[in-house]
Every structure is written in structure tokens, then in C-alpha cells.
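Below is one structure, written out as C-alpha cells; the observations come after it.
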Amino acid sequence: MSRARLVLARALPQRATEPSEGGRAGRALRALGKGALTHKGLTIGFVVILLILLAGFFAPLPHDPIQPNPESTLQSPDGEFWFGTDRFGFDVFSRVFASARLDLPIALAGTLLSIAVGIPLGLAASNKSRWSERIMRGLDMFQSFPLLVLAFAIVALTGNTLQNIIFAIALVNVPRFIRLVRSEALVLRESRFIEAATAIGASRTRVMLRHVMPNTMGIVLAQASLAAAHAIIVIAGLSFLGIGITPPDASWGVMIRVGSQNIATGQWWVSFFPGAMVFVTIVAFNMVADGVTRLIGRAED
Amino acid sequence: MRYRTGAIAKRLLFIPVAVFIVITLAFGLVNLTPGDPALVIAGDLASDEHVAEIRAELGTDKPLPQRYAAYVRELFTERSLGTSFFTKRPIWDEITQRFPDTLELVVLGLLGAVLYGSLLGTLSSYFRRRWPDTLSRTSVTITQSIPDFFMGLLLIYVIFYIIGWAPAPVGRIGLLDRPPDRVTGAVILDTLIARDWGLLKTAFHHAMLPVVTLALFYSSHFAKTSRAVLSRALNSDQVEFARACGLSELRVVGYAFREARTPVVTYIGILFAALFGGAAIVETVFAWGGLGQWAIDAMLKLDVPAIQGFILVVGLLTLLVYLLLDLIVVALDPRVSYE
Amino acid sequence: MTAAAAPPTASLLEVTDLRVQFRSRRRTVHAVNGVSFAIDEGETVGLVGETGCGKSATVRAIIGLLKSPGRVTAGSVRLEGTDLVGLHPRQLRQIRGASIGFVPQNPFGALNPVLRIERQFRNVIRAHGRGRRAEIRSTALDMLDAVGIADPERVLRGYAHELSGGMAQRVVIALAMVLNPRLVVADEPTTGLDLTIQRQILDLIRDLAETEGRSMLLVTHDVGVVAQYCSRVLVMYAGQVVEAGPVRRVLTEPAHPYTEALLAAVPRRGERLVGAQGTVPTLLELPPGCFYYDRCQYRSDPRCATEAPSLREVGPGHWAAVHYDKGAGST
């Protein structure tokens, strides 16, 4: 346990102290897992996300989520349909949980893709060269587009396949990782241990990969959790508008869309339960982000 | 002063380049993405001839450089964004017709977000770690975790269906109301001009829920920014000295506000630009009939020229807002001058 | 602890047994632990000590601007007889600026960056009464002239960032004294300024105090500054005044080993003070005996480890918190 603490302190840099030397991403993650035990919010958030994901795939559902029951449409919650049914006769309860099969993996995949693109670009942009200038200028231009609408347009134009949705989510989130990694790297480069590594003749690439990048992992992880929360909103928004996932596939956004036609006449349950699930998921991701920020000593208070 | 005008001049010089990039991006987005809109529009059962016809009409049968040249030429010589594939109306007319509605929604929503968010942030930073802080931070956590469209639906259920304070969430005024004479195109403004107070009340009534939805959702940005900046400012030497000189607490908070206003104004600008597209979902929920709702419709129908025109206009609008933002920030802060 | 260095006649400022704590959920820092002193009309008193000895907390407690979670837990601060501790914030606000002028460390931080200097004068003056724009303007011009600003008109029109460090501090002093306060509290007013300007600023503060017969509390870590500008000195250590007395006497015949170490650490006037050996105790838990026990080279009396020494008179007007009489043996 004490070793884990030590590793944690070494692997996750704090702004106030000298960043650690050569901590690896893997070690950082493992340490983070252990650190989670000491941070209530982090643990709760993580467990909630895991539960939602597992329930989506393995929980025994009372009804088939993509098989409507035509004889019982728009039923209010009761003993048979715990969360009621929508106007096609789909069981809301089963679909709320089944939605996690699509929504969560897409959100996570989109986030991972944006990290995979964002880190190298961010590192590259932290070099003081003409290239970095160009990347940042390009990013400014790119971000001056309303990215959310851009993502909607891309999915609409290219078709609502899983890959396209994931790509759109990555697109929306990539700028924040580029900026974050760049600003982190800029600070780290000034620090003494990087100077030392450069002084003993480590190549620039080596310094970047072995020393700078691992030390950005903590804050990238926190940002990733926020990005995943955002991704959940984007997927729900896409599906709500009818551009993303479409019925009969279960997705929270699709369910809210279906229920939106009944909410003004009082059938609240069709939209409410998937919406509440989105809310819980986002809060959980935010808690993880908060916990990680605290864990690496970057919290504001 | 010299430096400031220099920095501004530099930004102004950059504009033509930026405009050109926006045009190219809007074109590229629609034309370089994989997939053939013509196939989707025609449907699975369409004959090859029909698909070819649609391609010809969309112009996608011609080679890319030729299309690009034609697009730019049309843009500059005829000031035309093309015509909608479905309505056959000029895109420009479609956009200008709906723009005032969206503008009204965005301005009101943003105003609400700024006021409510700054209030929360101020309470938070002034009563740091006491109950108003906890309360405001809890409220922020909740509102930022509810997607705006779901928030809109919740409000419809509670305030329209259960309490009955709001009218049915459809459009800008009642179905049977006669719209005001079109002057600006913005309904609330036009009823004001027409001095039709009854209709003004109806218009505000209809605007209530969408505006509150946007305000709640986006207030979290302002609450967080203003809390962070104000907390720092309230702890600054400047505020201590102001207090040591015996200035009233109100004045002291005012001093802190002045320090906080640049980031807040920056946020207002960024969100203002982002909301022209971002309000699309809320517009759809409340059948607002603005630019965003129209764009979403165009996307669902794959009205390629419309999508392209929308992206272009919103991109240029953002460019304009950012430029104004730069000018405002420079005007607000005498220190910004050394770039 | 008796009313230590306070003479029997009523003083302008009388601080009695002042205690300040910074309490958070996890720990309590005892920043000021029973400080007593007095300042007479027209007197300039120096307050010296290392960083973290409680100088700043003492000063903030006097002007009522302790930052949360700092709190005065005991004692009183009497200004012309009125206790400022526990005074209603509104009344305290009237006293700040009007009766006590405060000159802070960092002039650029103290001035509002986005308000013109004239506006800042107007705000200060109007916080304590009314005033027409033109009157305030001429008052401000006079004051800027008095602090040695060459072109007051232009400074009034400008912003803080257009000033040099020395000019900014002059403007701050003008703001602090524009309402003619009886007491000026200067908290290391020359840190961050270069040496020649430090002298000018200190001369200026002294002149302004002398001509108007003001009293001054000058906080510094520079013994040389104390020697030149103060009539009396208070030496602080670990939140306590360990020695107090006339400057000349304290500096030539220090009675407390800490003062001795302070003086020994002064290489030449004007340079920064290097502290005594060892470090100040963390003020989380107060030791039972003398706070200086660990660092003291004279500790001999058995009471040193168990009983905190209180200030006692070791010479005329000269007080020190020691159990033994060092002077008797060595000199």
C-alpha cells in the first residue's frame, strides 16, 4: 500500500511540486485505481459508470428492448412495465438499460479517438516551431465553427453509422485535448527534470514520449472524463434530433425523442427515465473528472 | 495606444484569409465527406436515371475543382448561396427570414444565462465555502448535467402540463394570433414596434420556456467562470487595499467585478457565436421556427445546398463575433496593449 | 502579560494581548499569540521579524482585514480609546482610510488596473463623505504633489500600468493618506522596489508622517530600515513580541537572543535579512516553554523548557521576554 502511494506521488505530477520523472502511463493508471479508494466521489462515479455499462450488457431485462408490445402502448409504470411503455409499446425499463450498450461504448470510443489524435498534435504544437504556430492557427479557425452543429452535419451527410458517430464525437472533443496537452507540455518543458533529461543528451522525441507525455496523463484523464460526459450529451442530442441512432435500436436520445411527443399531454415516463439515466451518467463522469483533478492536486480549492 | 491599433490592424488584415478558409471549409465539409447524398435523397428503390438527375441538380456529377470554382464564383459575383433542393427558394432568403427569430432566442437566453450564472458565481465566491456557495455549486452541477433538450421537456411537463403557467410549446405566438407586421422579423421586437401589448405578452409567454431552458443550461459556464475569477479577485491585493481605504463592500465587489469582466465578456462572445447553431435542439423542442430548426430539417432531408449555406453563414457569423469580441476586450481593459 | 511597552498615558493605538488563529477543518495555526504594544502620537514604531512570524497577521488584525479563516480570538485593538475588535463592519469601514491609512507591499497589486487614478481618488474620498468632482480633483492633485509626483495632472488621467514602481507606490501612499489619517500602517512598503527608490519612498513616508505629526507602524524585515526610520522597535518571533524598546538601545544591547541573532545576520544595511539558525516552530501547536527554546544558545534556566517567559523590563523602556538576564553575565 505504501508503495502504491509512493508510485502515485511519483507518477502523477502536481503543479506545486516538481513533476515526476519518467512515470509511465500504465503505472499512473494503476496508481489511480488505488487512489480511487481514498476518494469517495471518484469511486462512486466510477462504480456507477461500470454498473450502467455492465447492466446494459448482462442484466436480465424483463422485456425484449427492441421488440414492441403492440397491445400495451403508452402504459404508465406498473408491476408489469416498471417504467411504463412508449407509444409503440416498447418497454421503457428494458430499453433504458439496453441503451447503455450503444451510448456508452460510442462515447468512450469517441473520447479515446480524440485523445489518440489530440495527444500527438498537442505535443507537436508545444514545439516552438512554425508547425506549432500553424496547428494552433488551424485550431482557432476550426473552433470558430460551431462544432456541435458541424458534428450533426457530418453525421447527417455521411450517414448514421457507428463509425461516423464516433468520428463526429472525436471531432468535437479533439480541440480540447490538443490545447490541454500543449499547455501542459509547455509548462513541463520548462521544468528542471526535462532540462536535466535534455542535458544528458536524450533526443527530443525521447524526452517527449518518456518524460513529457506520461506526466500529462493525469490531467488528460480528468479531461477525458469530461469529454465522455460531453459525448453522452452529443450522442443523445444526435439521436434526439433523429440524425444519430434510429429506432428500433435503443438509445437514450431516441427514447427521449419518442417520449417528447407525449410529454405535453402528460405521459412523462417515456422521456423521463432515459433523461434521468443520461443525467446520472453525466454526473458520474463529472464526479470521476473531479476526483481525478483532486487526486493529482490540481483542484482549485 | 499605438500597440493597440497595431494589434487590431493585424486582426483586420487576417479577416480575408479567415473568410476564405471558412468558405473552403463549408464547401469541403459537404463535398469531401464520403457518401452520396443523391442516393439517400432518391431512396433505395430509385432508378439510376433518377439518381443521376438528382446528382445533376445538386451539381455532384461534376468534378470537384469545377464545383468549388462555381461555388466561389456564385458566392462573390451573384452573392448567392444557391437554392434549396426541396423548396427551390434561395438559401439566402431562407436564412435571413429565420435569422431574427434565432437572434432573439439567443440574446434572451444568453442574457438569462449571464445574469443567473453571474449571480450564482458572485454568491459562491463572496460566501466561499459557506452555504450559499454549496447551494450554488450544487445547482451548477445539476443544470450542467441535464442536456438542454431534456431540460426543455422537463420544463414543458412541469410548467405547461402540471402548473399551466406556460402556453403550449409550439411556435412564437398562439396558433390563432395574427403575427405582427414584419419590420425586423423578430417577433418580440415587431410587436413592440406595433405597440401591440397583448401580443407582446403572448410572445414573451411563448419565449419563457425556451429562454429559461437555454439560460439554465448555459448559466453553469458563467457561474464557474465568475466564481473562479471573482474568488481570485476578492483575494487580491487590489481588493485588500480598496478595503483598507474604507471603500464600501459594494464598491469592493465592484472592483472585483471589473477584474472579472474580461473573462465573462469573452465567454459571452464565444457562447453567443456557438448558440446560433447550439440553440438548434432547443428550437426543435419548442418548434421555434428559427435558423437552427431549419438547419436540422435540412440535415434530416439532406438538403445539401442548405446545409452548406448554413455552415457558411454560421462560420462567418462566428468570425464576426470573435472580431467584435477582440475589440470589446481591448476597449474594456487598458492593459491589453502589448501584443 | 501586562501592558508591556505601553506608557501609562493614553496612546493613539493600544494593542493588548492580541491573539489570531487561522482555523481550518484539519488544523489551527496560532499566528499571533498575545501581542501587546502601544503607539503614541507622532511616534514611528518598527515591527521586525522573519517571514511567517505573525507581522502580517498582526497588521491585518489591526486594520480589521484578516483573510478567512483568520480570526481574532482574544485581545483588543484600541484606537483613540475605541476597541476595533468586534466593531460593527460599517463603523470599522469608516475608520479604515480615514483614521488609519494602510500602505501595502505591492503597489501594482494595490491599484485598480482598469480605473483611472482620478477615479480611485474619488472613490476613496467619497467613501468617507461627499465631495464635488472639482474639489476632489484639486485635493488629489495636492496630495500627488505632496508625494513628489512630477506631473500630477497626467498621472490622474492615467492607469496604474503606466506608472513606474516608485511612482505607483507614491500614488498608493497618496491614496492612503489623502484623508489625513492619524495612524499610518505600512506593511513592508518598499519590497520589490530597487534600492535607491526604497530610500526615497521611506524618506517620503517619514516626512509625511513628521510634518503632520502622524503616528506610524512600519513593518519590515530590514533592521537597517528600523535603525534609520523608527524611534521604537518591536521584535516579533513566532507570533509574540519578544523584545521592545527604543531603537538605539535594542540594537546596541539586545536582551533577547533572537534579536541578537537578527542583528548578527545583518551583513550591511539595505541587504536582506538572513534569519537566525534553525526555523520558526510551526505554529500548529504551541510549545509549553519558550518558543525560542530550540534555537536558543543561552538556554540554561530550567523554566525555559516549561514556562513561556513574559515581557519584563530589562532597562528604561526596554522590555524582553526572557527568563534570565543575559547582559549581567556577558557585558
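Quick notes
We just call them A, B and C in the order they show up, numbering each chain from 1.
Keep this in mind: a residue touches a chain if its C-beta (ideal position, glycine included) is under 8 Å from a C-beta of that chain, and two chains touch if they have at least 3 such contacts.
Being a predicted model, the structure only gives us computed values, none of them experimental.
Contact topology of the protein chains: linear, an open path with no closing contact. Remark: among chain pairs A-B and B-C, A-B carries the greater number of C-beta contacts.
Chain centres were defined as the mean of their Cα atoms; on that basis the chain farthest from chain B turns out to be C.
Our note on geometry: chain B versus chain C, Cα centroid distance of 53 Å, whole angstroms. Mean C-alpha position of chain A lies 24 Å from that of chain B. By the touch rule above, chain B contacts chain C in their complex via residues 128, 235-238, 240-249, 251, 255, 258-259, 332-335.
On chain A, the positions that touch chain B within their shared complex are 141-142, 144-150, 152-154, 156-159, 229, 233, 236-237, 240-243, 256, 259-260, 263-266, 268, 271-272, 275, 278-279, 282-283, 286, 300-301.
Taken in their complex, chain C has these residues touching chain B: 63, 65, 67-68, 89, 93-98, 100, 102, 104-106, 109-115, 123-124, 127-128, 159, 161, 172, 175-176, 179. Per the touch definition, chain B reaches chain A in the complex via residues 18, 21-22, 25, 29-30, 33-35, 37, 40, 129, 141, 144-147, 149-150, 153-154, 156-157, 160-161, 168-169, 228, 273-274, 276-278, 280-281, 284-285, 292, 295-296, 299-300, 302, 304, 307, 310-311, 314-315, 318-319, 322.
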